[in-house]
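Several structures are given next for inspection.
Note that subunit A is present in both complexes that follow, paired respectively with subunit B and with subunit C.
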Partner chain A sequence: MRTAHELTVENDGIADTLTLTRGVSRAEVIREICVHLEPYQTGEKPIAGDTVIAKDLTIDSLAIMDMVMELEDRFDVSIPMSVVAEIHTVDQLADTIRDLRAQS
Partner chain B sequence: MGLFDRHAGLLDAYRDVRTTGYDPFQIRMERVLSPTKAIINGRETLLVGTNNYFGLTFDRSCMDAAIEAIEAEGTGTTGSRIANGSYTEHVALEREIAEFYGKKHCMVFTTGYQANLGVISTLAGPDDFLLIDADSHASIYDACKMTQAEVVRFKHNDPSSLEARLRRLGDKPGNRVVVLEGIYSMLGDRAPLGDFVNVCKKYGAYVLIDEAHSLGALGDHGRGLCEVAGVIDDCHFIVGTFSKTLGAIGGYCVSDDPDFDILRVTVRAYMFTASLPPSIVASVRQALRVVKARPELRTQLWDNVATLYDGLKAQGFTLGPEHGPVVGVHLPDRMTAIGFWRAMLDAGIYVNVAVPPATPNGVSLLRCSLCAVHTKEQLDHMVEVMTGIGRQFGVLPDKQLRAAGAR
Partner chain C sequence: MNPLPTRNSQLVLRRAGFGSVPEMLDYAAQGETGVTFYSVRGEILSASSWREIRDRAHVTARRLIGAGFARGERILITADTWPGFFDAFFGAQYAGLLPVPVSVPVGIGGKDAYLDQLRRQLAASGAVAAVGIEDLAGFLADASAEFPAVRLHGGMSVIDALPEKPVDLRPLGPSDLCYIQFSSGSTRHPHGVQITQAALMANLGGITGPAGLGVVPGDRAVSWLPLYHDMGLIGFLMAPLSTQISLDYLTPRDFARRPMQWLNLISRNRGTIAYSPSFGYDLATRRAASQVPADLDLSSWRHAGIGGDMIRPDVLDRFAEAFDKNGFNRKAFIPSYGMAEVCLAITFSPHGAGVRTDTMATDDGRRTRRFVLCGKVLPGHRLEVRDEAGKVLGDREVGRIFVAGPSIMPGYFGEPEASQEVLLDGWLDTGDLGYTLAGEVVVTGRAKDLIIVNGRNIWPQDIEWAIETRRVVKNGDSVAFSVDGGDGEGGGERVVVAVLARVSGEEGRKTLASDVAQAVREAIAVDCDVVLVPPTMGLPTTSSGKLSRARAKANYLAGLYAPSTGADKTAAA
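Now for the complex of A and B:
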């Protein structure tokens, strides 16, 4: 089992009271998602919480699933494929990750 | 929105492909001459993309068995096993495949696709967990769409990635079923099966392995990767196909589970489709005898793999990670792959072209599959042709240009 100390390290020293539990800040999750999505950005509009991943970006469904695998390992959660299929926006993906972390 | 509007992106991509002159997805084999030759676009063409690993489609003994079966029992069964009954030969085929693996039970399906679709979607039910390799075949992904189990993907050929996902399930109730393939169909790479089995044992997970591309090709008896890794007893379910090494069509699943036969009344892909016709059952039974009796075919296949793989590698092509009956040649992008494929067809060599979204990690590939009865001369010629085309397309450095530049 991970200790709270290890989690703090994993969270990269971000000032966030939640680092003592399995919780992570929403901003941190969104920032991590954006790192993965940046290569698929088109035009001037920055990636934000309301970005519709499959529609506003040039990412295909397989690449979305591969990104999800990376995020799963980064945040130590598993997101079932049926749940991934229901996720449309960056916000929804971030909330799913945070909810799963809180449950485990 | 029209019915086909959602395919607009795919239609555009498909249009691009067809502007090259040929449609790789609608190639017409005007006449098939042998396991390695066909007439395509009016010319004799070398076939290096048909999964015909042992070349048994024209084996005299297999053809005779099929012809005799048609004379004796007709052309088709006209219905499913549960409606029209099993023929004696269906049951005999199942017994022989079970014996081949030393397993107690076998179910035969009308295609390999249906074997995966039916077994995987039914084995794991509500509250169970299916864990699949990210590079799984479409039949496995489609089974995941049908199952009521929770599905999680792990990184391709990465036992630690599987372990992390099994660990996260913690003490949640429900069966864990892990789905692997012996040889992956696009790049010809093998699963690290021993390591995967150890992880599965640690977490009490069932193992299902699809040996579609490894039946005949791997193992001293041709049983597949499970034989090479020495883990047949640890693979709870082994799935395979008759449409590659065995030269016909159909699929199977073997298992030692005492209640395995319940799948005959629960797997819809078995229950609600017509069973294999007598000719296919007969040729497959004979092909299995040939696989057992002629291990030299396996040796010839791997000699041919070495000729093509090592030949292409020496010329500088980027290939799949290891020798395999499938040799995947990486090309930089979709249009180069299509153009390269077309140039090869013009030169009289047929391979498969594989482009996103059908490929892992968005790669574009020429997918070559070897046959035991390819000759070394044919494959040496193929390496020469591909090297020439590779230089024309700038995939390989042009030696003369480089020499001129150095002067």
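Now for the complex of A and C:
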């Protein structure tokens, strides 16, 4: 018979595994965002965390919507419209997706 | 879960002719039909019969009355496509309150612009409550903070938390207002159209009657149109309700994401009536072309309506070609014309005629363009095209379109001056330009500077204001207008912003252009081409010293303004 202590340890292990499959690294999210944004890069300055999506790139608003939808599908999250309305930079978008994945 | 039935088993279909919204909901509640909400994946999220909608509205009404809201007070509601909107809207109808449906935020980075819009709408409507989806509770709280009159704000849970008291309902009646529609005027000075119960009932009679859609038993409506727009709220909530038919919804966001779902719903549920502005047909054709299911069957779709923007015959041709193999009947197209000031509709093309066009020279006289015939004015209404002096013009003479009849609004809410500007001797100045042809109307453009992109009304002053308030350029240094994108892909209206370039160097010019584009994207969620005008040239003004958008546009079309380089899309010639 297992002790309560052992059970707890085992449950923690399961919880960790779940977090790992569900969790996603920041770099991975940023990489995926950059794949979408690269066609719209302009000039010498590379796309970075502080890139302001609606300003520093030539992407139009319909393409931004498309990208957000594809990222939602890719990472299986749904970004509430109130949160979308507060996102300006690549970093903010990446953190939002990561946080939503961790919560779900 | 199953979608609601298309036909009522006992209840006789009545085409409008009711006295008020509560009266028509009471009648529809005797049947089994109702509203089904679908997800982006085509799954049923929820389904409510008109009876259930009525019952929930009664509960909401008793909560609102019990909380002390007085008859005639206004309640702002974010009109997302979700069952809560029905609870709030119809609850208000039975409580004697006037709903003020407003839009939801669009795009990234749009928070500040959205809060500004909410504040202006709260001020213009004098609302005492502001409710919406739970996600927007924080925005509603922020916007309401400056308005002590707003006694209740938040998600629908704030209404659900009110005690349901044993009070009598006080439904709005035939001589009352029905709601306030913000779809006219700029965001900066929004005008709320007063929709009266009587005008709405008159317009519904026209829409659902033989000169309109001629709704019959077996009809079923399918819609993705936003409920804060007259075509969504009246065309695809009030009209189906006034004829007791069933209705299937997809949200506007989900339509933008998966346009095929709109057509799938029509196919699966044997939908017969669905509308869209031209851009929706365009989106469906371009995005859906590669993912059309083999069994998609659009043969049940008998009224494919078009309204809400300039109707683009080329787009409709392509749609009809793309879906011909799926049973789409191009004769099902019904070009229609209307505006919020007449509730919704004023003309419909005849059934079975499809898209008919007439060819005229464009505004600049350099090309010809096909314009769509939009049909005859609804029975009981009149339509005239007049010249600047007020003389009624003959066939193919372009002038301003005026309409009269029982669907016309009494005026803008609390705006007697703005009302007087457009209402004269029972006639409404639509602000649209067009001509008549054998009793039918042809719309060619607008006398006002209004810009319409993807069905959204955008006022150029809002664009200029967004640029100025972000201190990108100073007041009077920017002017916005739209140009005809022409037929073909990427057609429709294109927004152009001309700004005085008080900067030097290529880098400075690039930064200015991208700052302008960002300000417009974030505040208005629309893309624009930026052209930089040297300060030595200046922006054109009228004789009274006001910026002239019409002359700036003429200069642009004449090639006087060079497109900005680098960071921004260059303006196509």
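The rule is short, and it goes like this: the second predicted complex is superposed on the first by the 84 of 104 C-alpha atoms of A that agree within 3 Å, B and C clash if a C-alpha of one lies under 4 Å from a C-alpha of the other, contacts with A are read in each partner's own complex, and residues count from 1 in each chain.
The rule is simple: a contact is a pair of C-beta atoms (placed from the backbone, for glycine too) under 8 Å apart; a residue touches a chain by one contact, two chains touch by 3 or more.
Because the structure is predicted, anything quoted here is derived from the model rather than measured.
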Simultaneous placement of subunit C and subunit B on subunit A, clash or fit: clash
Contacts of A:D50 with subunit B and subunit C, given as first, second, both or neither: neither
Touched partner set for A:M65, first subunit B, second subunit C, both or neither: both
First, second, both or neither for A:E38, with subunit B first and subunit C second: neither
Larger contact residue set on subunit A - subunit B or subunit C: C
First, second, both or neither for A:D99, with subunit B first and subunit C second: neither
Touching partner for A:V77 - first (subunit B), second (subunit C), both, neither: first
Subunit B collision site on subunit C, chosen from 42-50, 60-68 or 114-122, when both complexes are overlaid on chain A: 42-50
Interface residues of subunit A shared between complexes with subunit B and subunit C: 60-62, 65, 69, 80-82
Residue numbers on subunit A that touch subunit B, as the complex places them: 60-63, 65-66, 69, 72-73, 76-82, 104
Complex interface listing, subunit B residues touching subunit A: 134, 144, 150-155, 161, 164-165, 168-170, 356-357, 360-362
Residue numbers on subunit A that touch subunit C, as the complex places them: 42-43, 52-56, 58, 60-62, 64-65, 68-69, 80-82, 84-88, 93
Residue ranges of subunit C touching subunit A (in the complex, touch as defined): 104-105, 107-111, 114, 135-136, 138-139, 253, 256-257, 510, 514-515, 517-518, 521-522, 525-527, 566-569
